[in-house]
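In what follows, a structure is listed as structure tokens, so that the remarks can point back to it.
In this document, chain identifiers A, B, C, D and E correspond to the written order of the chains, with residue numbering beginning at 1 in each.
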Amino acid sequence: MTQKAILTFNQVAIHLGGREILSPTSFDVGRGEFVCIVGPSGCGKTTLLRAATGLLSASAGEVRREGELVTRPSREVAFVFQDYGRALLPWRTVEGNISLALEAAAVPAGERPARISDVLAKVGLSKHSHKFPAQLSGGMQQRVQIARCLAQKPEVLMMDEPFGALDALTRQSLQDELARLVRDDGLTVLFVTHDLEEAIYLGDRVIALQANPGPGRPSLARMIDVQIPRPRDQLSTKEHPEFVKLRRELFAFIEQSHD
Amino acid sequence: MIESIFRWLRPWWFPAIALGGFEWYARTVGKSSDALAPPTAAINAFLSAITDGSLFSATAFTLGAAAMGLLLAAVLGIASGIVLGLSKRTARMAFFSIEVFRPVPSVALIPLAMLIFGFGLRMEFSIVAFASFWPLMILTQAAVQQVEPRLLEVSHVLGLSPAQRAFKIILPAIVPRLFVAMRLGVSVALVVAVTVEVAANPNGMGYAMMIAQQSMDPGLMLAWLFWIGVVGYIINVAALSLERWVGRRMGVAA
Amino acid sequence: MLSWAGSVAVFLGIMALWWIASHAGWISKVFLPTPEATWLSLRDGLDEGELLAYSWATLTRMFEGWLLASLIGIALGALIGISSTARAYLQPTLEFMRPLPASALLPLAISIFGLSPNMVLSVVAFGSMWPVLLATVHGFAAVEPRLQEVARCLQLSRSAFVWKVGLPNALPDILAGMRLSLTVSLIVSVVGEMIASQPGLGQSILLAARSFRASELFAGIVLLGLIGFASSALLAAVEKRFLKWQKP
Amino acid sequence: QSGKIVFGYTAVTDFASVFVAAEQGYFSKRKLDVELKFIPLNSTIPAAIQADSLQIGGPTPSVYLQSVDGGLDHVVVAGGGLTSKTNTGFGFVGRAGAGIRTPQDCIGKKVGVPGLGAFLHVTFRAWLKQNGVDYKKVNFVEASFPQHGDLLRGGSIDAVVTADPFMGRIVDSGVGYVVSYYSTFLESGNHTIIYAAKRDWAQKNAAQVKLFREAVQEAAAFINQPKNDAAVRAAIGKYIKLPPEILAKTQISPPGPTVSEKQLSYWVGLMKDQGMLQTDPKVATLIAK
Amino acid sequence: MTQKAILTFNQVAIHLGGREILSPTSFDVGRGEFVCIVGPSGCGKTTLLRAATGLLSASAGEVRREGELVTRPSREVAFVFQDYGRALLPWRTVEGNISLALEAAAVPAGERPARISDVLAKVGLSKHSHKFPAQLSGGMQQRVQIARCLAQKPEVLMMDEPFGALDALTRQSLQDELARLVRDDGLTVLFVTHDLEEAIYLGDRVIALQANPGPGRPSLARMIDVQIPRPRDQLSTKEHPEFVKLRRELFAFIEQSHD
């Protein structure tokens, strides 16, 4: 890529519970780039994302952001957790949960309501701002989490299966919303998904991980550049020959690497 | 090296300052007092209590009474706490009675218990049981109310019997909070046992402390007070390590 | 409404048991008076205004001691809950002090500070601080790991973490602890009145017990029960208001 | 079973007759198996007797009469020490600077007593009344003996009714002075401690009661011989652990092994006067034959 | 359908927090039938499933199973919760969590290990039987929950987005496993998903719900019979003309009903 790398993985390996979860893996993410990560369940996608954020420290190798070693989370990096049910404060309403991010960033109280209603509109929850998480459906909870991350106005967005709990249409509209945001604000995104089409549709690049690569081999099994022009849209892009080709290629790879 | 010594010393700062202050006070202002003695005098008295063996028999009695009372209170308190935590209706039904009986001070029951049981182990452990029953029940109830509702739904869907639900879902789920309740219960039991001994029952550490006071030996009295703190501390440390051990067995922070 | 009736019915059942136990002579009337005799003593004491004044004295002592205990307990608990340095310095000392009975500390405190109401108040606060303290420490330690990660990602400051995540998360535990503390505070107030000779229900109970006036002793206990009930009911209402999110 | 007698005592020298009887073998001589048990608080003794934890116990007359007043059916089987005009072992001590000189000065002052409603409190009030002072205008607070000196020094009370050795130490250290050995103005020869038992037990074990009383009488005779002073103090020292220098100086009240109706009536009179009794105890039925 | 109905919904409406979440809805589910439920996020799918199980009681109308009013959960009905992270006992290992269902059904201790390893093999977790939930990835946790429900050997299986957290291939293999189980054991399944293709691929019938249908109108917006022969398979079925037609039809409907 032409842009300077904002995130660098250098031979990053991670051990948990005495086992090597992630085998030494290296790659770069450029500024404003949208990188999708796919791979079978339990192959280490979440683990990789946590290491990239600094929630977990690498057992070997190093992760750098803007050239600096990542040792702990930063407010420039937002994280959408896979288990949305646990990542919300149960004692705060939807509004309150989003406000948390603004409070952390010391946004003046006067500006908060406007920013909150702004992000709530983006995820389609304007009507539910006064509900507690326990009163929301799974998909709505996940959208609250996404809204909180957007409110944070981060440079880098880490998303761990953010759309997994959403119905097809909400999902599509959020995909497009996200793509627009990334383009407008120059966001960098690391996006874990198990939906190959979603990965190709959203990504500038798709990274495929494999589970238990065997000794001496990296977890990173495949890296595919997605050369489909932007802006993309749900109808034409999915019929684009490149899209069809990549989907077939990726699917074949995953199928073969699956145990 | 030096840093590690400092780290090791950290818990000792406050006690050292407090003891030093007390030593100074007892040697100056309270010099002619009949109720105070400097900690150094207490240490001497403590050493003689160890050598004549009175320390151990009194400690054993108090601990025995506290343990028996606590055991009874724990069984009853946890069981009723679970029932009250699960059933809103029972909780509301019992609320009035519980809240009226709970504040009855255990010291006010001493005459009654003494009349029924006389001196000895039984009167002491029944008062200990009464006193530590309430905190155990209240904390268990609060803990049960905080069990993840989804887990209760799982138990319903699987058709667990009430006993299975109690032992397989609720008890394990409230274990961390139960330990907090037990640690509180332990100190309540110890406090009440000693109080009963101070006020009436001629046995155990409280009684020994009382004798020391009445035979004008404030040093020995302080030594007993200090020893009660040490015993409580040791029990607490033991409870904490048990808690950690159970926690590891249950996959917490694995 | 129905459960209130049930609640009263349960209570009346216990009263009936008392009536039978005292009338059938299961326990000597010297120690367990009949409910009627207790009622008479209660009425006489209230008529003379003496019991009322005592109740008020005990009530204020309890509330002041409890407020002090809650403030100190929550502050210390939060400090220990989030700062490992504070934990290293403070916790062993606190754990050592926790099992010291107020009944044994009072004589020392009397010798050093004299027979003042403030001395009794501090002992009440000391004795009733532990449930709140323990509950707060636990509430802070038990924050859902994912929420801790959320806080780290948002880089919440220490104090923001305490106010926005730690305290609300510990709130159910703290409130349960405060409910216990309130009772302990009542009990220690009574013990303090007994040992440090302060006017209040404790002293009146002690004197009644000493002169074997069981009905007066029980009148005092009944008043303690009512005080305990009223304050607990008040706290339960507060609890409901604060924990609305638990069962929305 | 009419075997062992557990006897409950508190830390005062008025139990000397029992201590001596035990040490001199007067109990074993009569085949009485008496175990002496130290009880920290005098007022718990009647309950312990009622629950059969003690067969005989030594409450103060005021505690005893109040327990009878409350409905316990206990009888007097023998007696401990007696009041005496020469006893300066306890008295009324004022705080240096509080300016208490006469009984009248007590009005409105805070006076510490070791037990509200207990022996010293009752007798002190009797003394106040004798001097025409309304004791209701005196503010009595309870404080245990060892604290009296500290409390006077700290200024939280103005005077105490206290006893030796605490009294001596207070005077020596200069925080207080003796206002009056007030008991020397009261009637002498009344009990400070009486030995009581449950009525059923005393009736069923009449023989043992008699032997017990005889043993105490023999001990009283022993105590009354001045040459036995050292042995008496040794016996007391064995059961009440006092520092030797204090033990050597303590005044021992004269023993009163039997209790007469007149002696008991004195206390009934005092207590009724002070509104401490609700019924009218029949003294004649309270003393075991 | 020809089979007798095992589940009957009769004008079932549900109010929560003072709002009508589910408007009066009626339908039947036949024995051995596989019914899929789709609809936008927050439209009441989870709520419907909870009412069918007896975890929630209907505010109006009635739910009957085998002719009997459903008032509380039964062991014949298994439920896969959407928020898998909360539905597992954190203090039990994978094995222990599955064992719970067997203990509830009083299966003798001797038989349990065999049945546990049997269902673990079905969901592909044999190698992880001794791990605690906190040591599993999201998808693995969800598979544990599915395994627990299978171990229960229920008659009716309620599944709330069971495959939402799984990667494409694990998902496909579990779909086929489920279809096989249903056929072999005559299971009845109510299956909530936001993936329309999944709904058509698995279902004998697809029920589409709509959010806020407006006064007097039912939540149930569309009912589609899937007349694709069984056994189905991932390749040929998805090219079946009926499949393609239904997908288009359903998609169009959802798109139009989405607000």
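Heads up, the rule we're going with is that contacts are C-beta pairs under 8 Å (C-beta built on N, C-alpha and C of every residue); 3 or more make two chains touch, one makes a residue touch a chain.
Here is each chain with its UniProt name: A, E = ABC transporter ATP-binding protein; B, C = ABC transporter permease.
Not measured: the values here are computed from a predicted model.
In terms of the stated touch criterion, the partners common to chain C and chain E are A, B, listed by label.
More C-beta pairs in contact connect the chains of B-D than those of the other pair, out of A-C and B-D. Mean C-alpha position of chain D lies 84 Å from that of chain E. Chain C and chain D have CA centres that are 37 Å apart. Distance between chain centres (mean CA atoms), chain A to chain B: 50 Å. Annotation for chain A: residues 17, 83, 86, 131, 135 touch two or more other chains.
Under the contact definition stated at the top, the residues of chain D that touch 2 or more other chains are 47, 50, 144, 146-147, 150. For chain C, residues that reach two or more other chains under the stated contact definition are 28, 30-31, 107, 110-112, 209, 246, 248.
Working note: touching chain pairs come out as A-C, A-E, B-C, B-D, B-E, C-D. Residue ranges on chain E touching chain A, taken from their complex, read 16-17, 38-42, 45-46, 82-83, 85-86, 128, 131, 135-140, 143, 161, 164-171, 194-196, 251, 254-255, 258.
Across the complex, chain C is touched by residues 53, 55, 72-75, 77-79, 81, 83, 86-87, 89-92, 100-101, 103-105, 131-132, 134-135, 152 of chain A. On the side of chain C, the complex with chain A involves touching residues 144, 146-147, 149-150, 152-157, 160, 164-165, 168-169, 171, 245-246, 248. Of all residues in chain C, those touching chain D in their complex are 28-31, 107, 110-116, 197, 203, 207, 209-214.
Chain B makes touch with chain D in their complex at residues 30, 32-36, 110-111, 114-120, 198-200, 202, 207, 210-211, 213-218.
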